[in-house]
Amino acid sequence: MEFLVRFESSPPADLSSEERDRLRASERARANELRAEGVLKRLWRVPGRRGVVGLWEADDATVLHDALASLPMFPWMDAVVEPLATHPQERQ
Amino acid sequence: MEFLVRFESSPPADLSSEERDRLRASERARANELRAEGVLKRLWRVPGRRGVVGLWEADDATVLHDALASLPMFPWMDAVVEPLATHPQERQ
Amino acid sequence: MEFLVRFESSPPADLSSEERDRLRASERARANELRAEGVLKRLWRVPGRRGVVGLWEADDATVLHDALASLPMFPWMDAVVEPLATHPQERQ
Amino acid sequence: MEFLVRFESSPPADLSSEERDRLRASERARANELRAEGVLKRLWRVPGRRGVVGLWEADDATVLHDALASLPMFPWMDAVVEPLATHPQERQ
Amino acid sequence: MEFLVRFESSPPADLSSEERDRLRASERARANELRAEGVLKRLWRVPGRRGVVGLWEADDATVLHDALASLPMFPWMDAVVEPLATHPQERQ
Amino acid sequence: MEFLVRFESSPPADLSSEERDRLRASERARANELRAEGVLKRLWRVPGRRGVVGLWEADDATVLHDALASLPMFPWMDAVVEPLATHPQERQ
Amino acid sequence: MEFLVRFESSPPADLSSEERDRLRASERARANELRAEGVLKRLWRVPGRRGVVGLWEADDATVLHDALASLPMFPWMDAVVEPLATHPQERQ
Amino acid sequence: MEFLVRFESSPPADLSSEERDRLRASERARANELRAEGVLKRLWRVPGRRGVVGLWEADDATVLHDALASLPMFPWMDAVVEPLATHPQERQ
Amino acid sequence: MEFLVRFESSPPADLSSEERDRLRASERARANELRAEGVLKRLWRVPGRRGVVGLWEADDATVLHDALASLPMFPWMDAVVEPLATHPQERQ
Amino acid sequence: MEFLVRFESSPPADLSSEERDRLRASERARANELRAEGVLKRLWRVPGRRGVVGLWEADDATVLHDALASLPMFPWMDAVVEPLATHPQERQ
């Protein structure tokens, strides 16, 4: 099942720049693993913002939640999840 | 996977009272079938309104959509679907 | 450039069922042409609603508008268009 | 009487990790007591968020408030309570 | 248990003035019965609008719903119900 | 004239618990004076929240403002005031 | 006491142009009476809309409601009333 | 002074196609006059919608209102006007 | 041209009470100058809040912005400006 | 392709006044470069606020995002981007 997930992360302002770099690198690494597993299918930037919109695939909302919660930025993430149903034209 | 579904139906005002009764009866009949199949698990009234909140279970959003679209009131339904993830306390 | 387009169409309630069928068929036909041209890339149903979310690609918002306006349902469509920027992870 | 309660807790960012663990443990313990008493009937995670949706049963809103206020996280909780009426189909 | 109920009724515009008068009279009569029963405790007008805010008392949301649904205007009513908890200062 | 007033107070998080207790006690004392004067007529808790809804009576909005501003919590209060008009059924 | 009142009127589309002219003339006449009585103090147009914003003075919300309800357009009016308190700088 | 004006027009659905064409032609003609007078400076389409965003210049909101009200579509227009202040960087 | 301006100021919580008093005094002094110049015509308190609604007059939005920005509280002000058009009844 | 971009920047309150001045100067310098490149076409102040509305031109949303992200204030910017389509009247 596919989900449209929109999120924006606000890590604490008082992180040192090394901590911030390390956080970003581990976020990217985990995102790449989720891509490799087919869970994260596409990711777009919302222009002008730090937020992203992504197309995710997971068996259900619990599996999706666990994937999102595995991202190192999760504690500072504000996410909105929208379930998607397959359109009849795409079943052809 | 469970979903919280909130909807309110507004069949056309110019239905005759027989048509309206027949529509309601067939809606109730189809809802009962969905209950028997385990798709519709609980249904509450939003007090003071004609709307309902329901707890539904379906493999994914596509199966849920097909269940909702099988209700005779569907053409006049305004629905909002919220995906639910299992809470760790409930997995115990 | 990609766009996320969300729309819901409400053709007049007094169409005969033949007119409605013809409208739907021509809508589907035009959507298929737009897919063949690579303008309409993906389409999902919003579960529980008649609305859809789609991923579209067009040179700019003017070309996108012309594509949407070429759909036979356009006169009764309520659409919201969101521009998408490529995410650095996808440029790799 | 049943209530749908949606809440999200934001304990202060400067808690030590022991304080945080102790808070979470006591929150879980109190939630389990409320389950045992039949006040907390179901709990779901909102996917992608730290928030939860729960189905609660209490004699009235005052008793429900006292139950929610007995949770150790209450001082940092942002909750919305929705009263539910029994649906005629469920009275059968 | 007390509830704050806000509603506005829009009976069809094509009622004859006799039908409208009869509807209003029966609405008033039913409201008076609900007052006599202690279900409707106070009623205010929202200034500048046809809407009202009322303080209602009922065992639970199901009993409240049945009271509201017994009003002749109910089919054309748009209501919002808010549950109220007793404030500790009022328990004294 | 009656007003419906909804407010929620957020005193600074760094108050000592004595300061907080003293603030609450003086808030309660001032609220009791306003009750005795007939300005504060009823007070309810919004279930699940620290907020309250109250029914107030004052000659006009200026007198009401002065009463609200006399509460020790006023500097940290987020209030919404709604004017109420007498309903014809209550004039009888 | 002063009130800020914002409203927009939508008389039925099927009025003949004479009925519409007569309605507008009687609306203007009644508004002028309310000005003469000091109830309607100022009136502005919201640019680009048929709506207006007005400054009204009335003893309380009930008297204000009766003034608004005396306007011939009242049955088709969508109004929002905001109570105003005198600012200390204006009491000087 | 410049204004950002956003509007969408919904002429009645039962206009004949000649009436509709005539209305559109006169709308376009009046818009061209307003351009020639320097009142309407730029006009964009909101992609996917019949609505437009425009940059207008007028001495004040009253003159702007009169310009908008001179458009033949005005009776069916839903407009929102936003005042713009010159940015210091543009005064250079 | 007249404007309706609604604002609420939140100076930093850590100002000393002298700094706060000095800020308020200079705010009041500047407001009085703007009144004397005819820019600030009326000011009301929003009951229950620290916010105000004011009626301002300025040649255009740029002049209005400069007047608002000249208030000592401006750096902590959250303002919403609404342009007003003269109502035909007031031109008489 | 043109975009309407609305943003408001909130650099940290604890910057020294030199840091703030340096930030503003570099923001202005970068804005001027973007103007010279034809990316930033117009900029207006939202009256009464620190926010701005701008008309931007970029090949697509990715190029626009990179331009906005090149502004020194970007880390503290809250932006909303709206895509604009050319209006047929402007193609003439």
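Order of writing sets the chain letters: A, B, C, D, E, F, G, H, I and J. Residues in each chain are counted from 1.
Everything that follows uses one rule, which is that a contact is a pair of C-beta atoms (placed from the backbone, for glycine too) under 8 Å apart; a residue touches a chain by one contact, two chains touch by 3 or more.
All values derive from a computational prediction rather than experimental measurement.
Enquirer: What chains touch subunit F and also subunit J?
Expert: Correct list: I.
Enquirer: Of the other chains, whose C-alpha centre is the longest way from the centre of subunit D?
Expert: Greatest centre separation from subunit D goes to chain H.
Enquirer: Equivalent interface to A-D, which of H-J, G-I or A-J, with over half of contact pairs matching by residue number?
Expert: Going through H-J, G-I or A-J one by one, only A-J repeats the A-D interface.
Enquirer: Over half shared or under half: which fits the residue numbers at the contact of copies subunit B and subunit E, same or different?
Expert: Different; most numbers are used by only one of subunit B and subunit E.
Enquirer: Does G-H or H-J have more contacting C-beta pairs?
Expert: H-J
Enquirer: Need the CA-centroid distance for the pair subunit A / subunit E, whole Å please.
Expert: 46
Enquirer: Calculate how many whole Å lie between the centre of subunit A and the centre of subunit G, each centre taken as the average of the chain's C-alpha atoms.
Expert: 51
Enquirer: From the mean C-alpha coordinate of subunit I to that of subunit J, what's the distance rounded to whole Å?
Expert: Spacing between the chain centres: roughly 27 Å.
Enquirer: Two-or-more-chain contact residues of subunit A, please, as numbers and ranges.
Expert: 3, 45-47, 61-62, 64-65, 81, 83-86
Enquirer: Chain pairs in touch?
Expert: A-B, A-C, A-D, A-J, B-C, B-D, B-E, C-H, C-J, D-E, D-F, E-F, E-G, F-G, F-I, G-H, G-I, H-I, H-J, I-J
Enquirer: Please name which positions on subunit J make contact with subunit H in the complex.
Expert: 2, 4, 28, 31-32, 35, 42-47, 52-53, 55, 82-90
Enquirer: Across the complex, what residues on subunit F touch subunit I?
Expert: Residues 3, 5, 7, 12, 61-62, 64-65, 68, 77-81.
Enquirer: What does subunit C use to touch subunit J in their complex?
Expert: 1, 3, 59-62, 64-65, 81, 83-86
Enquirer: Quick check: in the complex, which residue numbers of subunit C touch subunit B?
Expert: Listed in rising order, the residues are 13, 45-49.
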